[in-house]
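Here the structure is laid out as structure tokens; the discussion comes afterwards.
Which chain is which? They are A, B, C, D and E, in the order written, and residues in each are numbered from 1.
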Amino acid sequence: MQSFFQEAVIPHFNFWIYVIIMMVGLWSVIAKNNLIKKLIGLSIFQTAILLLYVSLGVKEGATIPVLDHHALIESSHSESSEGSGKKAIAINPDHYANPLPHVLMLTAIVVGVATLGVALALTQMIYKDFGTIEEDEVLKKIKALHDDV
Amino acid sequence: MKAKIFASIAVAITGAVLLYAVSDFPRFGDPRSPANAGVEGGSPSASLYYIENTYRDTKVPNLVTAILADYRGYDTMFETVVILTAGMSIFAILRVLRRDDAPGAPASAPDSSDHSIDGDHHRIIVATTCRIAAPLIQIFALYVVAHGHHSPGGGFQGGVMLGASFILLALSGSLRDTLVRFSEQQYLRLAFIGILIYAGFGFLPLWVGRNFLDYGALSGLLMTSGEEMARSHSMLGVEIGVAMTVMSIMFAIFANLSTRGRLHGGL
Amino acid sequence: MENSVQSYLPLWACLASLVAVPLIVIFRREIFLRELVTFGAGALKFAFVLAMLPIILEGNVIDLTLVPGIDGLNVPIAFRVDGLGLLFALVASSLWILTSLYAVGYMRGLHEHSQTRFFAFFALSLCATLGVAFAGNLFTLYLFYEMLSLSTWPLVTHHQDKEARGGGRTYLSYLLGTSIAFAIPAILFTYVRSGGEVSFGPEAILSDSDLGYWPALALLLAFAFGFSKAGLMPFHSWLPGAMVAPTPVSALLHAVAVVKVGVFCIIRVVTGVFGVDLLGRLGVNGVLAWVAAFTVITSSLIALTQDNLKRRLAFSTIGQLSYIILGVALLTEHAVMGSIMHIAMHAVGKITLFFCAGAIFVACGKKYISELDGLGRRMPVTFAAFAIGAMSVTGLPPTGGLLSKLYLVWGAAEANEIALLCVFLVSTILNGAYFFPIVYRAFFKPLPEGSADTGIAEAPLACVIPLALTAAGSILLFFFPGLLFDLAGLMVNGDVANP
Amino acid sequence: MIVTFDIIILVFLVIAAIISLSVKDLLAAAMVFGIYGFLICLLWAEMGAVDVAFTEATVGAGVSTVLIVATILNTRRKSTD
Amino acid sequence: MSDHYPALVLLAPLFGALVIGLFGLRDHRVCLPVVVSALGVSLFAAISLVLSVSSGGPVDYFVAGWKEPIGIGIQLRADAINTPLLVVIAIVALLAAIFSIRPAAERDSEKTPYFYVLFLLLCVGLFGITITADAFNVFVLIEVTALSSYGLVAIGQSKRGKVAAFHYLIMGTVGASFYLLGVGYLYLKLGSLNMQDIHGILASDDALADSRAIRTAFVFILVGIWTKMAFFPLHGWLPNAYSYSPSGSAAILAPLVTKVSVYVMVRMMVSVFGLDRLEANVEWGHFVVWLAIIAIAAGSTMALAQREIKKMLCCLIIAEVGYMVGGAWLGDPQRWGLTGTVYHILADALMTSCLFLAAGIFAKWLGALKLEDLSGLFRKMPLAAAGFVVGGLAIIGVPPTCGFYSKFYLIRGGIESGQWTYVVALLASSLVNAVLFFRIFEIAYFGKKPADSHGDDHGHDHESEPVVRLEPPLHALIPLLVAAALLVLLGLFNGPVVEFIRTGLIETAAVVSTGR
């Protein structure tokens, strides 16, 4: 068990945790009776996927994906003065975190909030129509109202 | 009770499948993993290209903003469209449009439930501090939007903060006063103008015969030294468009949610 | 040996009645114009079919592709007129003119409601019938087959009362059900098996394919039961059910058009898809023959027990159809010729009987055979025609029915199927058994005393003339069968057979 | 990217998620959801994804919590499960 | 301007939505002309794309001009599989837009501009999904489509509509997140988001392609897409969502959203994972075909049990999705099943559009929700009833309509791949459809008064002396009749369409399977 923990879990710790968070979210989306609890579960479910994407772009000992602005300007000046085409200092990619997952996750976060906003609007209308935000009570009331266009 | 059992089964299956695959992942934080450095069979890794060539292509040190606005600008345009769609859906669901209360008209007459500021002592302290803090937040937000090229930030973050400043005013003071400053007609129009700016920047290269969203073609229009600077400036323009849309939609969502579409009273 | 001629005649023939449909609707107010359109379309259609006769008689075939099939890729829609197709088209279009005349008299006589719809759908179903006759491949055949079932449904349920609804439901569930359940898979299997080749050509589609005994049997039965319009047991009960329809519908459709389409499709399948030699080699046709034989005997027995005149005629039709299938299943030259000729003979004979049944109903509202005592004296022409029709269907000398039945028997002897030979003879006797008591009862039994003997008289002229003509027709066919022989001969050995 | 710091935040994250979903009072759930949001923002910053951290702070944790609270005040506060 | 069609196809509705947003909110009259012209431009662009693809092969379009290393920018790709779908989306959207005009007097007509903004944003999403060749971009556009469809479902007055929209949102978001998860796993193992690039790597390195992560990725992408297309076990949201939404929304959502998800599945199978690899592990194919058979059976039986028209049509959609998924996974040698599926996407979109337009007319102008309310329909609305009849016959699969031909190709695929149970399921389901629709025709035909009828399959419009005529206004009737005519046209001209699809399929499969 110890070796399994050392060899399998520690190097992928982030990925194990993201699965756990995702399952917590998924469980509550299906099992919770309260609509708002469902939505909180849904948001947690979506943030878990963010955790996967960002943690696959992490590099050990790498800084944030913003290039050191001033060093580049001096290098391009010095390089343009010597007239050599190549930039003076090469940017070592291993020093910078992988920027692509970050871009994707910006989109995913915003999509998550947008969905949450629409869902909350629907919850309010359900409350206005049925007077409750508990799933089972809402379904009972729907069966009660016989035909509504 | 049935839902709980079904949920547990579904979670168990999904969890098992996910964990089954986790052991196949590269080590966490490994700089040479396929995502970070690509696979020999495929084309050269995108992220390596971004890190090495972004500054050469666009003169923008913040890689994330560069990818966000230029390389994958098409994604971001649809992200703003997502926000606009959410705003419109919430409008369609919640907004109570009585015949007279056409969207253009300012919020209807204040009714009793709208407790204005002066009547309530505790709120005065909060309200005045917020009224002072709001402009500061907005200035910082504009800095975030403009400085997105060099430091973390950009259209989305700045836009949300601008929206948050109005939400702060609405929360501390009354929604009715905030709506006077930032009426429904204004924020709806601003939302659409934001995307118009973004799509406009994308549409211009088409006249010059270059593909959609290819900012390099705008160097003539923007009178910049080279294509790279044109890309950098148009990215800023695009970020402003995004900020406008995000600001107005975030405030619109809050205004509708807090008053369930009646746009008076509020929290 | 037969070259194909490109000509648009089959298309015009089909379109003649299709064009009539909107015209009938437009003239729904002016009754006379509407009838004129129906007759005009009938005459036009018959003329186009006649125009094709000389071409076919010279031994060549008319081909016309409407939607091209791209190298087996898609489903082509094409016409191909040959001897069999033309014979069936001749019978259908000629009898349509008479039936239109009859229908006008019948509908006026009974003041039926919504006649425009009736005539419009009548024209449409004729277009479908000719479409089947001229179909050049299995898909076009299926396309017009389905169109026929759908366009005849409103005719069957014309009265829109309780039993019309029941009849319509059985009618559709049988026809549509079997066609989707059996016909489509059969067609698709042939399409896949023959590598995309489905059009009827000089030699059969599957003739060279190495089909095993059981798959071939399954395919043949799927086709036979798929085209349930041919009324093979156990999928026959839609035909008696369809008797709820007004008599002109029963007369033309359920004696000539719809049922003959079923049989026509089966003949197409046997000759065009399997080919006589493949079936002979596998011996699969024996099973079909026995199914048909069983249908002949049982339907004739049931017909004996029926008191309703139209239902008795319906069961007799089921029997006669199985004659045709039996003839084809025997595969010998004369049997196939006999069955093809029987299409025409039975059509003319049975339509006369249905016309008489309708005339009786119009004249005195009687439907049941037990009520027909002594009517012969009151309605001499109708019952004389009935007698001639009965003789033709049973196959007695002065009428054409004898020739086709003779060829069938000759073919059975050729194939030395003694048992099937007996089936033919026994069923002939049974035919006589359920027809002639009616004639005897009408002429020789006295009128029941209590009935008002003055009121009953001949049906209106518009009904009587057509039934007289068809009766005369069946006699004529006995003396001048030349045309039928030629057309039938074309199909059997490809050149004009001398009688 | 400090591994121990990473693990601590992740553990807190899971705890915050479970608490937020199990507490009965919806306002409390919303608050803990806010905490969960800011913990995630801390995690992104620690992992080097600063832009994502900024967005998560403003959009993910900030606005979502405000919207949920606004909805709770317009509907009902007590939750059965 | 002409080589920018891939971008123009979805920019037109986007600009349309912006124009309505800016000017339409106050003045409702602006809405319709803008919508029709925007969709007209998209239709024109889609048709010219079809022409250019048929003449010159697939068209690649690199947004923002990043071409050389393929994974940098976002690539749009128009090939034989998606361009016909673009044309069908544009046509169905145009029909639905014209159908859902609400005269100012109507009850909730003040929401018309919001309806049309969401309508156009939905079209943007649908066009985007169909044209893009970037795996992540598909997720963003799925969200655009999803959000606008939640709004369209809940825009009406019906209480049940809101609850249905809520469930639709929950299941839709979970589905989209599973899809995102799948793409994440692909990116994690292959380092690229571009479909062509992913396929190149998978084709060149078999060990990697069979690794656990890639297989899990495919499972999650499939499950996510199945939720979006309401494939049987994950169909819970569809019947309520589309039957309680207003007629205008149902006319655009029902025909397109599920079909585009099926297209995404086909795109994933053909352009990302490669057909030959999928056909390699046969047991996976059999399993999915079995799922499809269960879907067809369930859809048909549910349809039989329904008393409401729209609910019944929704259950038919579930069965039709079963056809398409089954057809795609048959794995028959000449790929007739896949051709049938791609053709059925087009055919089914038009069929569902025709039926939902008719159901919308009956609900709105006849107040008929249940089947019984339709009695005497042929007498009251002969033309609308004719449209409904043609739609019904197409679903049953009567020859001249496209329904027959798509079933024909699917059955041919079934026979050639030996999946006899699939063939039997298809035939049984068309029998059930026949029972369903003739039950309605009988009610409609046999109404209390001696109603007249025309049950033939060419939609001839001839009625005898009508007593009372309740024909819906022209703006509702014309789209229905156009849709019915299109059904027959697509049927008759299935030859060229299928040939176009097959050359594209063989070419994409062939080109892609050979890797770089």
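Operating definition for what follows: a residue touches a chain if its C-beta (ideal position, glycine included) is under 8 Å from a C-beta of that chain, and two chains touch if they have at least 3 such contacts.
Small disclaimer: the values here were computed from a predicted structure and weren't measured.
Identification of common neighbours of subunit D and subunit E yields A, B. Taken together, subunit C and subunit D share no touching chain. Taking B-E and B-D together, the chain pair joined by more C-beta contacts is B-E.
Centrality by C-alpha centroid: the chain sitting nearest the overall protein C-alpha mean is E.
Most remote from subunit A, judged by the distance between CA-atom centroids, is C.
The chain with its Cα centre farthest from the Cα centre of subunit B is C. Between the Cα centres of subunit B and subunit C there is a gap of 74 Å. Subunit A and subunit B have Cα centroids lying 15 Å from one another. Centre to centre, using the average C-alpha position, subunit A and subunit E are separated by 30 Å.
Looking at subunit B, one finds that residues 18, 23, 25-26, 29, 33, 35-37, 46-47, 50, 62, 64, 68, 72, 75, 79, 82, 85-86, 89-90, 93, 152, 156, 253, 257, 260 touch two or more other chains. In subunit A, the residues that reach two or more other chains under the touch definition are 13-14, 26, 28-29, 33, 55-60, 62, 64-66, 100-102, 104, 106-107, 110-111, 113-115, 117-118, 120, 122-125. Taken together, the chains touch in the following pairs: A-B, A-D, A-E, B-D, B-E, C-E. Residues 8, 11-16, 19, 22-23, 26-31, 33, 55-60, 62, 64-69, 72, 87, 90-91, 93-94, 96, 98-104, 106-107, 110-111, 113-115, 117-118, 120-122, 124-125, 128, 135 of subunit A are the ones touching subunit B in the complex. Contact residues of subunit D toward subunit A in the complex are 1, 6-7, 10, 13-14, 17-18, 20-21, 26, 29-30, 33, 36-37, 40, 43-44, 47-52, 55-56, 59-60, 63-64, 67-68, 70-72, 74-76, 79-81. For subunit C in complex with subunit E, the residues that touch the partner chain are 21-22, 24-25, 28, 67-70, 73-77, 113-117, 120-121, 124, 139, 142-143, 146-147, 150-151, 153-154, 157, 160, 165, 168-169, 172-173, 176-177, 180-181, 184-185, 188-189, 191-192. Those residues of subunit E whose C-beta lies close enough to touch subunit B in the complex are 1, 4, 7, 11, 14-15, 18, 21-22, 25-26, 61-66, 69-74, 110-111, 114-115, 117-118, 121, 124, 128, 134, 136-137, 140-141, 143-144, 147-148, 150-152, 154-155, 162, 165, 185, 187-194, 197-198, 200-201, 204-205, 208, 211-213, 215-217, 219-220, 516. The part of subunit D that touches subunit B in the complex is made up of residues 1, 50-51, 53-55, 58-59, 62-63, 66-67, 70-71, 73-74.
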